[in-house]
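Here it is: the structure, laid out below.
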Amino acid sequence: MSHIKIELRKEDVDFIKGVCATFNNDPQELINVLHTCQEHFGYLPAEVQEVVSDGLNMPVAKIYGVVTFYSFFTMTPKGKHPISICLGTACYVRGAEKVLDEFKKELGIQVGESTKDNKFSLSSLRCVGACGLAPVVLVGDKTYGRVAPDDVKNILKEYEN
Amino acid sequence: METIKLTIDNKEIDVPKGTTIYKAAKELGIDIPTLCYMELHDMNIENKPAGCRICVAEVSGRRTLAPTCSTKCEPGMVVKTHTPRVLNARRTVMEFILSDHPKDCLVCSKSGTCELQAMAHRLGIKDIPGAEYAAVSTYRKDTSPSIIRDLDKCIMCRRCEMMCNEVQTVGAISAVNRGFMATVAPAFEQNLEYSTCTYCGQCVSVCPTGALTEVNHVPQVLRALVDPTKTVVVQTAPAVRAALGEEFGLAPGTLVTGKMTAALRALGFDYVFDTDFAADLTIMEEGTELLDRLSRHLKGDKTAKMPILTSCCPGWVNFFEEYFPDLKDVPSTAKSPQQMFGAIAKTYFADKIGINRKDMVVVSIMPCLAKKYECQRNEFSVDGNPDVDFSISTRELASFIKQANIDLNTLHDEDFDAPLGESTGAGVIFGTTGGVIEAACRTAYELYTGKKLKRLEFTELRGMEGVRSATIDFDGLPLNIGIAHGLGNARKLLDDVRAGKSQFHAIEVMACPGGCIGGGGQPLHHGNSEIIMARAAAIYTEDRKKPLRKSHENPFIIKLYNEFLGKPGSEKAHHLLHTHYFDKKKKIIIKK
Amino acid sequence: MSKINSIADLKKKRDELQGGLGSRVNDTSNAVHVKVAMATCGIASGAKNVMEFFSEQLERRNIAAVVTQTGCMGYCYAEPTIEVKLPGQDPVVFGFVDLKRADQIIEKYVKTGELVDGIIPVNYQTIDLNV
Amino acid sequence: MSKYSTHLLVCGGTSCHSSESDAIVCNLRDELEAKGLMDSVQVILTGCFGFCEKGPIVKVMPDNTVYVQVKPEDAQAIVEEHIIKGRKVTRLLLKDPVSKEPVSDPNKMDFFKKQLRIVLRNCGFINPENIDEYIAREGYKALGKVLTEMTSEQVIKEVKDSGQRGRGGAGFSTGLKWELARKNQSDEKYVVCNADEGDPGAFMDRSVLEGDPHSVLEAMVICGYSIGASNGLIYIRAEYPLAIERLKIAIKQAREYGLLGKNILGTGFNFDITLRYGAGAFVCGEETALIHSMEGLRGEPTVKPPFPAESGYRNHPTNVNNVETFAAIPAIILKGAKWFSSIGTGKSKGTKVFALAGKINNVGLIEVPMGTTLREVIFEIGGGIRNGKKFKGIQTGGPSGGCLSEKHLDIPIDFDNLIAAGSIMGSGAMIILDEDDCMVSMAKFFLQFTVEESCGKCAPCRIGNKRLHELLGQICEGKGSIEDLDRLRNMSVVIKDTALCGLGQTSPNPVLSMMDNYYDEYVAHVKDKKCPAGQCKSLMEYVVNPENCVGCTACARVCPVNAISGERKEVHHIDPSICIKCGACMEKCKFDAIFIR
């Protein structure tokens, strides 16, 4: 059988086990555990889910079922500067799609992908609750409001170095 | 009990509080259609995700249609199950489901037994509007040693998920993804092979569509049969004869041992043998092991592990290798009857008829899908030549017989061939839960006490309860027996063993609810326990009809030991009839 | 912080505090009060910088003032928004407050009472729970 | 002190701006200069006053006179009459709609007081990170009252009598819900605050949690006391980091004061609150799904009954309310059921917070009494439509809601009226659409959302919504037929009728309401293959107007697919079979010779 395992470092395993322990190894705390792990690793690769499965003593299939259910969890690493375009209704009617198209064009990637140098990744999300600023773009933790397609180049320029 | 009066389709009915509309309607003879609902009576488990929405009905005072499978009756409720609104909704929802389903009915392995197909027919679906541009959710196909997954055909009834997680507690599969792409799959949507799947096949046996089916080995068997250089030997498991008739329109519980034998011969098998023979052999080995461990245990030998666990069920073996690898020294080392048969056939019997094992093909007819995997395990082959070449299920055999233009119902009964076709009643009852341990008791008692059993039938070991226990008096020695069928029940007993709390001397475990008669390769019973019970009754009938009912009295077994193996537990017996187990837990599972 | 152990404690605490918070409303002190709407919208539009600016500059320009954060005032279209209350006067809400306008507000409104552009007329009534 | 004795505030909201408020400011300043009053009277532009239907507005301070529908030429009258002579310019005053008498004092003009802040009473007023400011605003007084003066039955009666209905969407009576949870005996019960605000365009819960977190905590303790629970959980979106942060601070401070934890206010009552995070699933707003999510499972809903009040979190009786519902509770306790129920309409009491977004000038958060009309919300509080465009519709209740049109503008907003009109209250998102929005595309957009957010458990939602979305796509591409409109309706009706949970049962609402209110537009798409709003690319045709075309070839050169042909100095032609509708030619043409048909 072709089982290829990507090794987690021991401290990574210990970290995950520790997280499980802080939540009493209770399977009902799965989502909290996953949040903490994603915050730490940036994403939730299969290996991490395996260790969580061990820590919480629950089938890894169930964990994968949960990870794939919630859009907040991701199994692919994000770019150094993750870009999220809000496609909530308020942003949509104010032209968020055109902004998204501009990002796609500028970066040459589709939603859910990262640039080759792993600098940027592109995702869309539903309403960050800043509808007053529609259309809204998030780059990392920074929020850009009232973004027009013409602004895209300048936004990307900020992260050139 | 508090009852509730309500009206369904203008008929009044009183039902106990808590009854669902679906069941109340059934009482009235109203058969509301459903795709996802399934009741497992004995296990007290109902699969009612209320996801298919086919069983909806109009209920007074409700804004929307109610799923009758999961809506409880209330006093004065007025239910209508076939108004235009209901029928239109049912049809439209069915069209939705079909629109996301491959249209390859003609060549689907479930064709004819597919519940979706039957429902489309029943609801009078003639057209799937918009099919020309409708996207269809598609997934990677997966073939494991036992089971084929074609999730394009999954309708999210969640029955397999329920079987795997709640009944079997295997947890190999779960609902994954969301929305249109939601389906049921192993972790990371990997192949089953890389999951914790035990190949018990219970998922297959409840799948309403062609999403989960068994790997079909009939073509390989057919090729072997027409190969003039091959001697093809077939063995049939005890549970098969109690269920095969169902595929030919016979009532559940109709024994077709003789007809089955005739059919196999008609198919061209050179020797038609019986796994029951190997079951008797298993008893000899396992019984000896039990007595050996027991006597050491009674003498205070700490290395004698108690309780002894049966090991004839490959799904069960897979289960403890995955979940209880720390206990892998506890089960009996005796191989399963299928593998004992193969080992003897390709040595003792091959010698007898003077052929090389490479020129012999051993085929097993099994009620089981895990047997397909078991016969492929490395340790069960010699120089790459497996002891058992192919294992086909009861369902596959039925299909094979039909393809060969054989009308099972008109065949005259025939007998198995000698010597590997001769068996006792003890071998037969292997097919039902409690049977292995009962057969073992019949032999162990007499060997241990040196006395003849007055009463052969240990009825205290029989029944359909998930976990049973009984104490058998071994002439002053109370022997505590535990029985579990269904892996979820097995887990309970195993947890006790692991915790050192188990009081049992011996435990029988069968992976499938009901034992082999409820196996994953049997004709689909859709959770209907009456079918399982009828099969069990047939098994016990066959036992009663046998002139010999104790394994150690089987003259051919005696002869086998005399001529070939020496005595039970001998070195040769160990070499051929025993095995060892692996820790499978550590396997991990990332395929890049 | 010490625990509030009874309803009487709570009442006492409230009475004490109302002196403090009330001063922002009821003109018991001579300080200028600036509240910056620091909800997500506000922060995203630069309210943090605005708040820092007021804290720093009011001090630097020797104006007795209290600068605090508060939640969303509801004028999302005009973020960042701030409320300025001069002693003895009704509070005034300013919208679209960038640093330039913030400077204007200090120089004109705070120092001289002269209004500047960007005033948002408050158009709601808030209930008072003191019954 | 100010050198000015008088201020003239001129409404400079976007809507009034277009109606010449700049000119008004100029004229006023000219007049003042001419009269030498520049040093004592200041003219400034302000943000929107609301009430844009009567704009532009000029307000004279300090005497609070408001002039409406002011024209630039009125500047003279205002300065000469009002400033110099101290007489009000009667013709510019608003006429009372009933008495037809002119009114000048805005305090008597109820349009300025359309908003009543109960839920938002502290938002934008107190520092949310300081519990003292909350206490100074009578915070935790309601809790004190409840714990020392009221039995749990009395609290529930008060809440029931107030007539408050859940603000999360379904509008179930809060008091009744509490009563059900109270009646179910169990040694463990839970109070859950649903803060998984997933409705795109709604941000009231976020604002309350960011602006006044203690109001929610206080209400949860009150609820716990009423139903006999000592555990509270807040299920909050992970996408709201600031709200989470402020809640954490609030919980910490409340614990330090002993307002959470053991023996609250010395009464022997124990209650504590912990946070649970959502992970980006809209369906988790549905309470059974939410509970499953808190239990570490996929957020799939289950059939009700059993309701959470019987068997909820960890199979214990659980009461779930949303943020806005909780935030009003302390006010109801302190001011009484009678007061609360005096606000609002027959069956919908109190106020409702709405998030205004879309093509409206004053995007923002407002709180109005139930019964306020859509017109008041859009044109008086919201400042009307952006860029002077024409109002086309308003989507209430998010993707689960419906789109109401011009003819619904005067209905008083409450739970029942919105349902009757074919929409829902939902969480209170209001997205305003203008003439440029295509109602087929909008329906498709909302369906896209539901398709992505469907949990996949039940067939009508999992597959049916996908099919609706596809069919709308076909229509947008001009591949629809008039029969498809019937199919669209039938599919929608069946999905509503058969889906498992609220998400599926409401997901076709946008389609149904848009088909009801904009049927012609749907017909135009399938019959004439035209998109009246000019949004559907496939239905657009770029055409050269031969009268304007000078044959400069600029368009042909810019066309990326060589769809334009024509000799120099001759009329050009666009081949619609090649054209990809990128619009580059139209942008390039200096002679307005290219238009969309």
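First chain written, first letter: the chains are A, B, C and D, and each begins at residue 1.
To be clear about the criterion, a residue touches a chain if its C-beta (ideal position, glycine included) is under 8 Å from a C-beta of that chain, and two chains touch if they have at least 3 such contacts.
Because the structure is a prediction, the values reported are computed rather than measured.
J.: Quick check on this structure: which chain has its C-alpha centroid closest to the centroid of all protein C-alpha atoms?
T.: Per-chain C-alpha centroids compared to the overall one single out A.
J.: Per the centroid of Cα atoms for each chain, what is the distance between chain B and chain D, given in Å?
T.: 57
J.: Just the number, please: Cα centre separation of chain A and chain D in whole Å.
T.: Taking the mean C-alpha position of each chain, the two centres sit 27 Å apart.
J.: How many angstrom lie between the centres of chain A and chain B, each centre taken as the mean Cα position?
T.: Chain centres of chain A and chain B, defined by C-alpha means, are spaced 43 Å apart.
J.: For chain B and chain C, what's the span in angstrom between their mean Cα positions?
T.: About 73 Å, centre to centre.
J.: Would you give the residues of chain C that are in contact with at least 2 other chains, written as numbers and ranges?
T.: In chain C, 40-41, 43, 75-77 touch at least two other chains.
J.: If I count partner chains per residue in chain A, which residues reach a count of at least 2?
T.: Those would be 65, 69, 71, 128-132.
J.: So which stretches of chain D touch two or more other chains?
T.: Within chain D, the residues that touch at least two other chains are 203, 206-207, 240, 281, 298, 300, 363-364, 452-453, 455.
J.: Spell out all pairs of chains that touch, sorted by label.
T.: A-B, A-C, A-D, B-D, C-D
J.: Applying the document's contact rule, which stretches of chain D touch chain A when the two form their complex?
T.: 197-203, 206-207, 238-240, 276-282, 293-300, 314, 355, 357-359, 363-364, 395, 398-399, 429, 431, 433, 437, 442, 445-446, 449, 452-453, 455
J.: Touching residues of chain A toward chain D in the complex: what are they?
T.: Against chain D, chain A makes touches at 26-32, 34-35, 65-66, 69-73, 87-94, 125-132, 134.
J.: For the complex, give me every residue of chain B touching chain D.
T.: Spelled out, the residues of chain B in touch with chain D are 49-54, 56, 64-65, 67, 70-72, 85, 88-89, 92-93, 96-97, 99-100, 129-130, 133-135, 155-156, 175, 177-182.
J.: Considering only the defined contacts, which chain A positions touch chain B in the complex?
T.: 1-6, 46-47, 49-50, 53, 58-65, 68-69, 71
J.: In the complex of these two chains, what residues of chain C are touching chain A?
T.: It comes out as residues 40-41, 43-45, 75-77, 79.
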